[in-house]
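Across the two complexes that follow, chain A remains constant while its partner is chain B and subsequently chain C.
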Partner chain A sequence: MAQDQDDFDRRLRRLEDIHEINNLMGMHEYLHAAGRNGEEFEKLFAKDAPGLTFEPEDWGVFEGAETVKGCYVDGAPPEVPGLMTEHAATTPVIEIAEDGLTAKGVWISPGHETFPMPDGPPIAHWSWGRYGIDFVKEGGAWKFWHFHIYTTFRTPYHQSWVESSIDRPPYFPEPGQLMEGMTPPSRPVTFNQPYHVDTAQQPAPAPPVPYRTFDETWSYTDQPT
Partner chain B sequence: MSDNAELTTEQKLQKVLDIHEVQNVMSRHAYYHGLGKNAEELEAIWVKETPEPTFAQNQGYFVGYESINYYYGELCRKMQRANLDLLRKNYPELDESDDNLGVGTLIMHPLTTSIIEIADDGKTAKGMWYSPGQVTEIMPPDHKPIAHWIWEKYGVDFIRENGLWKIWHMHVYTDFFTPVGESWADLTADAPMGVGGPPVEMPRPDIEEETYKVYSHTQLPQDLPRMPEPYRTFSETFSY
Partner chain C sequence: MTTSTETPTTLTRVQRLHRIKAVHEIHNLIGRHAFFNAAGHYDDLIGAFARHTPGVTVELADWGVYKGLDGARAALVGPLLEMARRNGEGMRAAYPELDVRDDRAGMLLESAFTTPVIQVAEDGGSARGVWMVMAAQTGFNPDAGRPEAGWAWVHYAVDFVHEEDGAWRILRLRVVPRFRTAYGSSWVESSLREQAPPPLTTTSDRPPTAPLNDYSVTRVPTYDPIPPEPYRTLDDLPPL
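Right, the complex of A and B next:
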């Protein structure tokens, strides 16, 4: 009977964990769109956990709380009129480790970004990507631990991603070019593959599979095998 | 402030089930509205007995059953009829039967990026969503279908009535509504209500208040809707 109750409690805890992780991902999207990266970093990132990493698109891997903050907070675009970004989190695959200490998830993200331009009106873009994220429980709450953003495409609203892959818009920064104020990355990009007409798409990020403890799995900011 | 650790196992299990049911109610809204069946939606999944339901868009709040039934329900049907009449000028082969209401239109408001919180007392819930959507509607001056992108956010309060979760306060925050192929940075508008443009007279909100702004070159990012946070009972939180 006690074993039945333990099993019930464990399954209930897994359902609660899955919901909390979905909410965490939703909070990331809302706070980022509102330009509240600093607040998001303080509340939602595992600042005290060993091995905190952040790998956004083609910028490289940022390791440790100070460096991640130097990228995600100090390198965030300034909140100015004409800026608007929204990244939706859809199609989740979430696995909670059997030991309840870590979790893994992937999402597909359709989005849009509107950037103010120095010489003219803001330009609207479609921006689609994917997320591969490891989570860790810190102080009883789920936090972002290894956060990887993969580019699918970014293209002006009126131009297909096929065209933009062939004829890159001239105002786009060079791949890996740091934003003003951004801390340099700790190590190079592990994987990022924006659409290109002559490149076969690699299956990344890999959706997580059930696992017992993090030792058995990989990090989303490790070099994919 | 809620503390989940204080809840019994039974309460925790019920919360998880409630989260799923609230998501289903919101998804049913998307399906009803996508078919232009707003009146049927009000009948099926909105409150019937709880005081002061509200429906809000960027331009303000419609408050109470009579106001919502007309603006969100009855007007949708009238607009479908008026749009069919206009469309038939270009497609006279269409007959004017009710079976053709909604012809030429296509409405999808998918729900993503959810944050859902159930009150500890199990009586109310709050949720917000992103919706990357598209709306094809009959537009002047040619009265032909025109395809649009529409991105919105939802902030919604739910309440349990007779054991079932119902929509109590729904607030739609529109970021842009713009024809496909045109930039929302250059041209956008407030969202339409229901199917089609406004070929019938639109009532003004009961509370006229600019609650949210569509994108413009000079608009700062808006920190709305407010995210739901864990709570014990509705009196300690806000209303959408």
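Right, the complex of A and C next:
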């Protein structure tokens, strides 16, 4: 009887964990869309667990709270009129570790980005990506631990992603070019493969499979095997 | 301090099970809303609203707040019926060879609900959720003389109640547009051209609770709607 109750509690807890992780992912998107990266970093990123990492697209891997903040908060584009960025979280695959201490999740993220330009009106873009994220539980709440954003494509509204992959818009920054105020990364990109006519889409990030403890799995900001 | 990602630890197993089941039922309810809206199943659309709980409202950012089930129908069904009527009229005039029988022929209102943040009240009697909605839309454009495709991206903020018959239903619904644009124009270009909202057949009961803040080259997006935080009971909820 006691074992049945323990088993029930574990299963109920896992369902709640999945819901809380979906909520956490949603909170990321709404705070990010509102330009509240600083608030998001304080509330939603792990502070106690060692090994906090953040890997956004083609900039590299940022390690440790100060460096992650130096990228995600200090390197965020300024909130100016005409700027608008939104990324949706869809198609989740989430696994909670058996020990309940960590979790892994992937999402497909359709989105749009609009950037003010120095000469002329802002330019609208479609921007799709994926997320591969490891989560850790701190003080009873789930937090982002290893956070990897993968580029699928970024293209001006009036140009397809096929055309943009061949004829890169001239105002796009060079791959890996840091934004103003951004701290340099700690180590190079582990994986980022935007759409290109001569590459086949890869299974990255890999959707998680059930696992017992984090020692048995990989980090989404490690080199893929 | 609980955050958006924590479950209160003082609840019984039964209460926790009810709340996690509620999340799934709410996902299904909002999913059905999308399917009914697209198919023009207007009675089913309104059937998802609270029947035993006072205070039903629908707020459309362009027009204002509509009260009660009659208001919900005026806000959600009225524009769809008017859009369909004009669409059918236009399609039959432009394409007499097609024998258009359904006013909605050529219309498309496909809305994908994504990025949910859902909080079920501690007492299990209500819930609030927000969604990012990506929509592909089509309707007859009399100026162009043909159906015109477009994109729309909006946010939904919805309050739900668990009614006495055991069903979850919508109590309050608010739609906050981010952009709407014809397929051939970006939302930047569309925003630079003055666009009037589609006409409605009825006026709202009171003005919108927030200024319209869809995309504009002169505005910075606001944090609206605000994703819900954990809360205890329906009365504790701030305005949508």
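In this section, the second predicted complex is superposed on the first by the 225 of 225 C-alpha atoms of A that agree within 3 Å, B and C clash if a C-alpha of one lies under 4 Å from a C-alpha of the other, contacts with A are read in each partner's own complex, and residues count from 1 in each chain.
Heads up, the rule we're going with is that contacts are C-beta pairs under 8 Å (C-beta built on N, C-alpha and C of every residue); 3 or more make two chains touch, one makes a residue touch a chain.
Nothing here was measured: the structure is a model prediction, and the numbers come from that model.
Undergrad: Should the pairing of chain B and chain C on chain A count as a clash or a fit in the superposition?
TA: With chain A as the common anchor, chain B and chain C collide in the superposed model.
Undergrad: Quick check on the superposed pair: does A:K43 touch chain B, chain C, both, or neither? Answer first, second, both or neither.
TA: Only chain C; A:K43 stays clear of chain B.
Undergrad: Look at A:V209 in the shared chain and tell me whether it touches chain B only, chain C only, both, or neither; answer first, second, both or neither.
TA: So A:V209 meets neither chain B nor chain C here.
Undergrad: Regarding the shared-chain residue A:W142, is it in contact with chain B (first), chain C (second), both, or neither?
TA: second
Undergrad: If you stack the two complexes on chain A, which partner ends up touching A:I166: first (chain B), second (chain C), both, or neither?
TA: Once the two structures are laid over each other on A, A:I166 reaches no partner at all.
Undergrad: Regarding the shared-chain residue A:F8, is it in contact with chain B (first), chain C (second), both, or neither?
TA: both
Undergrad: Just checking: does A:I21 make contact with chain B only, chain C only, both, or neither of them? Give me first, second, both or neither.
TA: second
Undergrad: Could you list which residues of chain A make contact with chain B in one structure and with chain C in the other?
TA: Of chain A, residues 8-9, 12, 15-16, 19, 22-23, 25-27, 29-30, 33-36, 79-84, 86, 88-90, 110, 112, 114, 116, 121-124, 157-158 contact chain B in one complex and chain C in the other.
Undergrad: Taking the touch rule as given, give the residues of chain A at its contact with chain B in the complex, in rising order.
TA: So the residues of chain A touching chain B come out as 8-9, 12, 15-16, 19, 22-23, 25-27, 29-30, 33-36, 79-86, 88-90, 110-112, 114, 116, 121-124, 157-158.
Undergrad: So in the complex, which bits of chain B are touching chain A?
TA: 4, 9, 12-13, 15-16, 19, 110, 112-117, 128, 130, 132, 151, 175, 181-186, 215-223, 227
Undergrad: Given the complex with chain C, which residues does chain A contribute to the contact?
TA: It comes out as residues 8-9, 12, 15-16, 19-27, 29-31, 33-36, 43-44, 79-84, 86, 88-90, 110, 112, 114, 116, 121-124, 140-143, 157-158.
Undergrad: Chain A touches which residues of chain C in the complex?
TA: Touch list, chain C to chain A: 2-7, 9, 13, 16-17, 20, 23, 112, 114-119, 130, 132, 134, 153, 178-179, 186-189, 192, 215-223, 226-227.
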